[in-house]
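Multiple structures are listed underneath, in structure tokens.
Consider the two complexes below, in which subunit A is the common component and subunit B and subunit C are the respective partners.
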Partner chain A sequence: MPQDQKLLKYSSEYSDELSLDDELKKIRSCIQCGMCSAVCPSGSFTALVTRKIMRKALAGDHSVLSGPEIWYCSTCFNCYERCPRTIPVTNVILRLRNMAVREGYLPDNLKSVIKNLANTGHAVPLGGPDSKWAKLRELHKLKKVPPTVHSFPEALDELFTLLDKIKFNARIPYR
Partner chain B sequence: MTEIKEKKEELIEKPFSDLKYSLYLGCVIPNRYPMIERASRFVFDKLGIEIIDMNGATCCPAPGVFRSVDKALWLTLGARNLTIAQNNNTTELLTLCNGCFGTLHEVEHEMKSNPEINKRINEVLAEKNLHFDGSVNVRQVMDVLYFDIGLERLKSLVKRTLNLRTAIHYGCHILKPATTQLFGQDPDNPTFFDEVVEAIGSKSIDYREKLMCCGAGGSLRTGFKDSSLQYTLAKLREIRKVGVDCIVVCCPFCHLQFDLGQVEVSKLLDEGEEEFRIPVIFITQLLGLAMGYEPEDLGMIKPTELKGISPFISFDPLLKKIESIPLDEAKRDK
Partner chain C sequence: MSLERPKPRVAVYICHCGKNIADVIDMDEITEYAKHIPNVALAKNYKFMCSNAGQDLIAEDLKSGKVDRVVVAACSPLMHEETYRRVLRENNFNEFFFEQANIREHASWVNLRDHKGAMEIAKDHVKMAVAKVSNDRPLIRQKVEVTQEALIVGAGITGMFATLDLANKYKVHLVERTPTIGGHMAQLDKTFPTMDCSACITTPKMVEVGRHPNINLLTYSEIENVDLNVGNFEVQVRKKSRRINHLICTGCGACGEVCPITVPNEFDYNMGYRRAAYVPFPQAIPAQYTIDIKNCIECKLCVDACEVNAIDFNQEDEIIDLKVGSIIIATGNDIFDPSKLYRYGYQKYKNVLIAIEMERLLSSTGPTLGKVIKPSDHKTPKRIGFLQCVGSRDFHEGTHKYCSRVCCMYAIKQARQFKEKYPDSEVFIFYIDMRTFGKGYEEFYEIAAREYGINFIRGRIGEVFENNDGSLIIRGSDTLLAEKYEIEVDMLILSTAIEARKDADEVSRFFGVQFSEDGFFMEAHPKLKPVDSLSPGIFIAGTCQAPRDIPDAVAQAKAAASSADNFMFSGEVEIEPYYSMVQPEICSGCRSCIPLCPYDAISFDETTNTADINAIKCKGCGVCVASCPSNAIIQNHFTRNQILSEVRALKPWENYIKEN
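Coming up: the complex of A and B.
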């Protein structure tokens, strides 16, 4: 099997929920020009070299999933806009992250945010009606608890049902 | 007779009563930066814009963390949020956040343009008798100010010409991907935010790295905070060079990154480098001030009874300056 097929085959094993591989296939047209890295702000501050990410992904190099580099992207979409081969580079990185998560490579700090969403419906929850944030809302003359999922228990049940339906908790066991 | 007169006055005071939106709050605004919610609700009310809450809305879900973790989750919950605006009988969903806009606008786009995704996500939603019928358009507050209200009408709202020197931060997801965004402007040379700020009587001061990301997005702040602060520090240093009264944002996550971030970058400063103390305000706060309203009506207070709350950088120098600026009418009277 050609090298570039490996990652695509690998990704198809995880496309049970949706067919999302079209974007990933576009990396086949990468010419390694380095435009994506030249316009990447993260590249100035971290070890992220988007050009290398594209090359490794194309070669089916597993270290692209196990390494931390794909998580250094702030998704500013500069690379997406500038790629002369119109590869949606940012989306490819996001897709690689999905695959990395299934392999168990998720930065620790993200786990609590996932837990927050899966349990409360908010990535950044209020912390209850007695929290300092609820008090701050009151000082701003707002309802203590916002009219989001926080105020509607039935909406939270709806969220849990939908998460079960897409087998989220089975696939991403961080709740 | 009195009744008619009152109605007339209301029409003058509330000039945009033809506008109606479902308001999507997200997470950071209601739960960390409620002053943005306060200012925005206050200003929309004064403009007569009809706002309908999106009861039971969840996280958009955030494009950085959740799109990275699982695209199916991202699409499912995003589409569920769209159905809330639909069931409110509104066609326009208004978000005050670039990240929520990025997610909801792209989910809207996927649901409308990709039949396979539309079918599969609606199958999931059917479990709770929900169905996204494509009748909702996702809007961002800048887009509403720029298109629905428009520059000329914005100019007519100004009762206090502030003439502030502002550093505008656009953020990323309102500009890119350009193919799916609203403004039809070059993402490398956008002007809509500058045009709005100038229309309401302040100056947009150019600075290097103006269009660079704040560093918070993509789960970078959550996962690797020090790396994310490097972006913020680079931008803050450029902003300091040109000298401004405040930074103006249209996204609560950028807002947080610049506000709390100024405290957090302290440990990254060079030896002897001065700490940052630049007030950060949201576009609806600047608009409210320009309309002549008081800072406290716009959430520009710092409660002393609570510790560790937003804003982390004091508004004081800005408020002091604004206090000294009279209403335009008073100036004319002189």
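Coming up: the complex of A and C.
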């Protein structure tokens, strides 16, 4: 067999980490029945196959973190409700996202969301006093600029302090 | 008074079998057809003939005096022949004036899409049954006295439980081939799914068997000969010489200590050693020693060492004659030898073991006292793998098509035991399907995954390679991810198949029991007679019938014991009157039938110079009838005339004869 051929290397790294939490530990008893995937609405339109996510996490397959699939979950909790082994599938996916971000994986469109948050304090910023959001606010008799970081830019420093504390910039560079 | 036999008046009943028959075969048409067959006095159809109402229908017609013979066209006679015969008996008719035409298995079920064809076949069957019943003769079942003692062959967990159950009522002879009772279960360390220690539940039972006043325990013994007289089986047992007088031996072990010969111990699957003077394991029953003649060099050091003078080098094999009323065969199973599956490297790579060897390594009384070590360097392995279905679920020559039922569970058990001993280790189970069907089994499996962190990888391993240090590279495909993988493990355990004993055909010949396709002994009916053999009074139980676990083996043991009890308790048994008879005035004395009888039922009468059939031993197989060159043998209920009447009922057949 040629050396460069891609071979799966098993590792319990991810399942060990998930198992630190008693609920998430249940992933180990996944029987690959596929029910979670059968009811996943997002899976009908995207490459998300929750069953495969579970299997890859158990096998320690790195692509579960580096690939885009875990980000397609809309957190509707359909899978969570149905899994016959009562595995909190959605929560496992959320934890896998945490683990992915820790290793620096995040799809580009989500990176811009992080940048927005870090730079404006809003995942969906107002976009200036003349933006369509500002006009909408005015229509509803609200202050054009909300009493948030948009009004108090000095609060951004506090956000930076928090993000620095968890070394966020090192994972997802936003500056 | 006319000497002519009165014309038979046959009642024909067609059963709908719910919709099983009626959906395919038009009931009105076939009933109408039946009415016109010669000798038929009436024909009816009913939804379920076997129901009470159906049986009453027959009873009423019999009582009315209009009919005297009965044909039921329904399911297989294996299913309900006895039901309908009873109706005749209860209404004072001879029960052999009855025939069952099987129009379900033979006509409707096999022609679901061809109703016309099904009808044609069904009509033929009914016609043949009417012809046969018209020619049937009344027969009477003979009664013979039954000896109220039982023989159990094989003292594994199955044989021991059957023996203990019967010994409360009867004298029981328990014959075991090896020097100790216990079978495979004695070799196990713990048992799934409860994880109780195997020895803790087996040894008290072994002691009970050894001490019970009603049990005649014959270990180190073999069946020598069996005379298959139903209800009075005559059995010869060879009690092999142990060169030690068991009435005197105290089991002190002094002989074993001085014995200079060391040989691999079969009980530990040759991983430990024993002397030529030995007990297989410390809790063996009987606890007395055995000198293994094959390996003893006759130095006789033991003779001096034995303080009670129990050793007797002149002791000879003893032949013991038994007469018993029923027999339970519980000879257990062998374990598949995977060395022919060279790709897994058993006996080629040092660190590839089979599960029963792992069982001995895990056992606190095993050769390593419970420490799991690699054969290559005697160090404890850090990563181990279990490969499932080795020799099972495989359609190659030399392997087995069936699932062995216990290996999924014992692999999980051993994996859990290993993890308990070595929590930092990594364990992989390579499986096709995890089959955890029993009570508490799925839960056992789930905990193994969740709490023990055992890795279950779906897919059969393709190849195994050995590294220089003895570790192994396993190459397979994760069928759930459709990705190839390579894993390095320190040790690989093969979950090998449960298979029929290599000498099963010898046992089958002794006792006249049949084999299924898979090599195990065949039950009389897979659902309704699971522990009966086809020979009355002989029962089968445990893993000699099919692979199974201990709970199922014990359940069968108890079922067989209760069936044997049922067979013996009234003191007499009825023999089916189907036996064959030699007509001495026709027999030419050629003796050709004698060696053909599978039940040894034919002898030769030197005074009359004719063959003679023992009605009690004869099972009515008909082999001799067909073989006799003089047509001298008649078989009751299947006489030449009766069979030809069925054949003649088929017109197309006659045409066939004419044309050819």
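FYI, the second predicted complex is superposed on the first by the 145 of 175 C-alpha atoms of A that agree within 3 Å, B and C clash if a C-alpha of one lies under 4 Å from a C-alpha of the other, contacts with A are read in each partner's own complex, and residues count from 1 in each chain.
To be clear about the criterion, a residue touches a chain if its C-beta (ideal position, glycine included) is under 8 Å from a C-beta of that chain, and two chains touch if they have at least 3 such contacts.
Keep in mind that what you see is a predicted model, and the values were worked out from it rather than measured.
By the touch criterion stated above, A:66 is placed in contact with neither subunit B nor subunit C. In the superposition on chain A, A:119 makes contact with neither subunit B nor subunit C. Of the two partner chains, subunit C is the only one touched by A:28; subunit B is not.
By the document's definition of touching, of the two partners only subunit C reaches A:58; subunit B does not.
Of the two partners subunit B and subunit C, more residues of subunit A are touched by B.
In the superposed pair of complexes, A:140 makes contact with subunit B only, with no contact to subunit C. In the superposed pair of complexes, A:169 makes contact with neither subunit B nor subunit C. Of the two partner chains, subunit B is the only one that A:80 touches; subunit C does not reach it.
In the superposition on chain A, the residues of subunit A contacting both subunit B and subunit C are 19. Partner subunit A is touched in their complex by these residues of subunit C: 426, 428, 446, 449-450, 453, 455, 457-458, 475, 478, 480-481, 483-487.
Note for the complex: subunit A touches subunit B at residues 17-20, 41-42, 44-46, 68, 71-78, 80-81, 88, 90, 94-95, 97-98, 101, 106-107, 109-110, 113-114, 117, 121-127, 132-133, 135-137, 139-142, 146-152, 154-155, 158-159, 161-163, 165-166, 168, 171-172.
Only residues 25, 27-28, 30-32, 34-35, 37-38, 41, 53-59, 61-73, 75-77, 80, 116-117, 120, 124-125, 127-128, 172-173, 175-178, 187-188, 212-213, 215-220, 222-224, 227-228, 230-231, 234, 299, 301, 303, 306-310 of subunit B touch subunit A when the two sit together in their complex. Residues 1, 5-10, 12, 15-16, 19, 25-26, 28-29, 32, 51-52, 55-56, 58-59, 61, 85 of subunit A are the ones that touch subunit C when the two sit in their complex.
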